[in-house]
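Shared between the two complexes below is subunit A, which has subunit B as its partner in the first and subunit C in the second.
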Partner chain A sequence: MSKRLADGLFTALYIGLIAGAALFLLIPVVVSLILSFDARSFIGPFPPKDFSLRWYREFFNDSYYHAGLMTSLYIATVATLVSTVTGALAAIALDRLQFRGRDILQALFLSPLIIPSVIIGFSVLIFAARLGIIDGMPRLLMGHILITFPYVLRATLATLKGIKPSYYEAALSLGATPAQALWHVILPLARTGILAGAIFAFIISFDEVGVSLFLSDSFSYTLPVALLAQMHANLNLTVAAVSVLFILVTMVLIWILDRVAGLDKVVGTGVYGR
Partner chain B sequence: MIRSETLSPSAGSQPSSSAPADLPHNRTNGFLLLPALVAFLPLLAGSLAVLLRESVKPHIPGRVGGADEGFTLKNYTELFDPAYIHYFTDTFRIGLVITLAALVLGYPIAHYIVRVASPRRRKALLAGLIGMLFLSLIVRVYAIAMTYGPLGPLVNAPLLIGIQPRTPLHTELLVIFGLLHTVLPLVAITLIGALQNINPRLEEAALSLGAPRWKAFTAITLALSVPGILSAAIIGYAFCISNFVVPMILGKGFVLFISNLIYARFSEVNNFPSGAAIAVIMTLISLALFYGLMKLVQLASRAEAR
Partner chain C sequence: MAVLDLQNTGKAFGAVWAVEDVSFTVAKGEIVALLGPSGCGKTTTLRLIAGFETPDRGRIFMNGADVALKRPYERNIGLVFQDYALFPHMTVAENIAFGMKHRGVKRSEIPARTAEVLERVKLPGLENRRPSQLSGGQQQRVALARALVTQPDVMLLDEPLSNLDAKLRHHLRLELRQILAGAGCTSIIVTHDQSEAMSLADRIILMNAGRIEQIDTPAGLYARPRTRFSADFIGQANWFDGVMHGGRVASKAGAIAVPAASGGFGEGAPVSVCVRPERITVLAGGHDAAPYATCIAGRLEAVEHLGSDLSLWVRIATGELVQAVVKNAGAAPPDPGSGVTLAFGPEDCILLPAKDTSA
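Then we have the complex of A and B:
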């Protein structure tokens, strides 16, 4: 094969794979978007002929979804607050302390990232029952703190690694107490990592299904659990309307993340970064 | 959902070497650890401890939760029954297919973003990828079901690779699509992190010395990114095999993962001890897989550095 032909084939394959991946990711989202405006009262063949906002109205008038949304917002907010405070402080401590078992403690702290969410949900359910907690709300909070904590810890640790120890030492040698040095020097420098971690935590909590399915009860359930029940019961198109709302919220959160931390920071720019 | 770059080998595991080691500092720093030790650690340790205890309790049919007295390993030994094995093999096999597909489709995207795209396009693509990663799992499962389902516009698309609608293979393909929709952006973002640390001058040098493009790419960039590919694969695979919602909705009872088996033990037959035993096995597999393979990646990157 001539070099030119080989190069041409290689480029074609490269572009083809990228285009294929983009289509694969985008087509289902676009289909949902179109269906959410379907005017029919049932799920009919694609594409719909007439469009309306009926499914959006239906979602906003449904008290079942409304309760789920409120629970989700409440759980995500409280879990994010608890995880951000405890996780950021723990990250600062882990970054500075040296003691035996430090790496093991860090691995333990990060382990909910690796343990499947169904198992976290199941074990928190048994644990809560053992403690005599049978209400959905406190159980959901327990589970959601468990799954959001490692995200804040990890994001904060990653930022702290980029802060020179000499800043902290300079503050000390200028007469600051360790607490003052942490509060006035380290904490402001680590702010982007902590905020990025908090945004991650909120998204993770808000989207979580596996853990919530175990810990919800008929009074307290999250929005994804409500949607899941709805998808199982009858495939109506309110879920499509909610999907579009979810997509909008995701876009807003990405915008905030870019503002707060910069998207490049989130993935890192590497040593040859531009 | 997001297990991206900072979970890669040895992230954050080196304590800053020059931190002052005298007591007052350690005491202040020690206090900072306290909230996590009080709020988080008991939750984790307590949950896992009761799970372990539950898994060795005898099961009494009709009772929620195992008997409080007695000790048995039956919950574990019964898992070797051939009826259970296929949950495990299905999970691991389908996870592997998805991970490979995500690598093949994700690598060019990552490469394009790191090496080719202009800063503006880079940012737009990054936002798109992160958005795709953050998209709710429920939303994508629903979107895949509506797109490839019986009334969807692409119901016949799998015919292109010889898969008929309304067959078990078609169902399996939908599960693969559902998971790939998350794993693809996850793998691509992880690969971006890896590709950024490979010197672009090396490939340029090979090209200017007359190497064909495919050869310069495979012999240099692809070869140097093997550790990154491996860690992306581990992160993607871990996501696949622990997933629960996608097989539950798109698998329609034909494709069930280990997580679904745990849930069925809990919700359908109320056999908590058996569910706990499967959960313990699954946790051990996940941890072993993750840390074992991460060790492998570290060895691979060390071999490369030499």
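Then we have the complex of A and C:
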């Protein structure tokens, strides 16, 4: 077999693999997008013949979904605010200070990224109960702050690593105290990283299911939890409509994120960096 | 009174003394260069003066007050960083105003002083530019202006010209000296570039392995190095090792006439003779060397064109290569391979203790 032929075969295989993966990811999304406009009152064979906005109307008229959406927005907003302030401060401390156990502390802060959400959800539930917190709302907030915090921390840390230490020292040499140097020089330079972390934190919180399942109760539940419950109770195509809305919101946020900071800041650039 | 006075200052990182024992004073308005190879402790010394490091031994006085334990913002210093460290999110004017704001200059005075300092560094009217819109040379001057404008007691410059290309570097060298001298600024310039130190500084503090090797004026350091390290680091040096014998040095290359005044070495004492390349005259082989006290025969191995100078590499009988530098005045150099005579007088020799005895 000639080299040229082998090269051609390899390229075809490579493209085929990528196309396959893309289709695998996209087809369910496209199907639910189309189904969400289905005019039939039951889930019939695909593709639908008539289209309407009935499932979207259903969603907006349903107080159950409405409460879930409001809770999700509230939780995502508050969790993002808290995570952004604490995450950015923690990142600055981890970046600037040299102390024993620094690496261990950083690993601990980032650990919610790798701990299964089932375990986080269950732990927060037990912990909250021990503290005498039995309401769903504060519990959900606790859980969501915990899972969004590492995203802000990581995005801010990545930005801080790129800030030359001489900026901080220059500020000190010009008469600024460490606090003034952080406020006037380091924070403005880390702004994009912090903002990227905040947007990502919002997306994570808004889309989160696992932890919320444990922490929701019948009065406080997030939209994804509401969706799941409805799927079990009476499966209809409102689920598809909500999915489409979810995808839209997430897409807009990801787009803003990419414009603001570049996606690679948050999700990393792989082994080789850039 | 000295503006800056370091007394037996030392700084260790772990078990390693980056700066072992450094003492020197800097007078008001003086420009001093801290010169040495990388890892000699010059940057650590600068960071000790700036307050980024705390000395593990010794004391640092600024205008008579012990500042060794003072934080950087409690010392009236100016610092020009190697990478300039201009704040990228601020304009030139905001960068320059930063130090004034934090050092308590009245808000109403800031615009006038900004304009004045930009005038001084020859960048008038650039107040509203961002650092990213400036060339390297302009950034360097803004960094200088930012440090100058607070009128620091001591101005510290860390390799201020090393990030510029060669041509600009030579041009800015003279200008930097004029700006510093014009502002009457007591300055310490850290550099590894001996020609930069020679041209910028009133005095050079030559450092080696965490200690001061020698402190002298640029001319003095070149003409009177006290150690082999000094002689080697500043300029080029040819070495002839031998022992004192009848007022001359008996070396493998032959007897070398040395200055009578360079006493201190008794009969039989091991010594090294340093001869600068430009002090050696190269004569055609077999030439009558009568006016020269020392003549060493050799063979011309290579001729290097350095533009204004020619560098002649001559292999002498001991097998060593000797470098001679002559002006490129138009006369053709001898052909490579031809026999030549290296000639110099006693006043061209610097006599130092032999290698093994000078640590």
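In this text, the second predicted complex is superposed on the first by the 262 of 274 C-alpha atoms of A that agree within 3 Å, B and C clash if a C-alpha of one lies under 4 Å from a C-alpha of the other, contacts with A are read in each partner's own complex, and residues count from 1 in each chain.
We adopt the following convention: a residue touches a chain if its C-beta (ideal position, glycine included) is under 8 Å from a C-beta of that chain, and two chains touch if they have at least 3 such contacts.
Here the structure is a predicted model, which means the values were calculated and not measured.
Trainee: After the alignment on subunit A, I want to confirm one thing: do subunit B and subunit C clash, or do they fit together?
Mentor: fit
Trainee: Check the residue A:G162 against both partner chains and state whether it touches subunit B (first), subunit C (second), both, or neither.
Mentor: Touch partners of A:G162: none, neither subunit B nor subunit C.
Trainee: Thinking of the overlay built on chain A, is A:A170 touched by subunit B (first), by subunit C (second), by both, or by neither?
Mentor: Once the two structures are laid over each other on A, A:A170 reaches subunit C alone.
Trainee: If we overlay the two complexes on their shared chain A, which of subunit B and subunit C does A:L213 touch? Say first, second, both or neither.
Mentor: first
Trainee: Regarding the shared-chain residue A:L189, is it in contact with subunit B (first), subunit C (second), both, or neither?
Mentor: Touch partner of A:L189: subunit C, not subunit B.
Trainee: Quick check for you: in the superposed arrangement, does A:I254 touch first (subunit B), second (subunit C), both or neither?
Mentor: A:I254 contacts subunit B only, not subunit C.
Trainee: Comparing subunit B against subunit C, which has contacts with more of the residues in subunit A?
Mentor: Residues of subunit A touched, subunit B against subunit C: more for B.
Trainee: Subunit B to subunit C: minimum CA distance in the overlay, Å?
Mentor: Superposed on chain A, the two chains' closest C-alpha atoms are separated by 5 Å.
Trainee: Would you tell me the residues on subunit A in contact with subunit B in one complex that are also in contact with subunit C in the other?
Mentor: Common to the two interfaces on subunit A: residues 166, 169, 172, 177.
Trainee: Going by the contact rule set out above, which residues of subunit A touch subunit C in the complex?
Mentor: Spelled out, the residues of subunit A in touch with subunit C are 164, 166-167, 169-177, 180, 184-185, 188-189.
Trainee: For a test of understanding, state which residues of subunit B touch subunit A in their complex under the given definition.
Mentor: 1-7, 11-13, 15-16, 18-21, 24-26, 28-33, 35-36, 39-41, 43-44, 46-48, 50-51, 54, 65, 104-109, 111-112, 114, 119, 123, 126-127, 130-132, 134-148, 151-154, 177, 180-181, 184-185, 188-189, 192-193, 195-200, 212-214, 217, 238, 241-245, 249, 259, 262-263, 266, 272, 275-276, 279, 282-283, 286-287, 290
Trainee: How about subunit C: which of its residues touch subunit A in the complex?
Mentor: 50-52, 71-73, 77-79, 81-83, 85, 87-89, 98-99, 102-103, 146-147, 150, 156
Trainee: Show me the residue ranges of subunit A that touch subunit B in the complex, using the header's touch definition.
Mentor: Touching subunit B from subunit A are residues 3, 6-7, 9-11, 14, 17-18, 20-21, 24-25, 27-29, 31-32, 35, 43-47, 82, 85-87, 89-90, 92-98, 102-103, 106, 108-120, 122-127, 129-131, 142, 145-146, 149, 151, 153-155, 157-158, 160-161, 165-166, 168-169, 172, 177-179, 182, 200, 203-204, 206-207, 209-210, 213-214, 224, 227-228, 231-232, 235, 239-240, 242-243, 246-247, 250-251, 253-254, 257-258, 263-264, 266-274.
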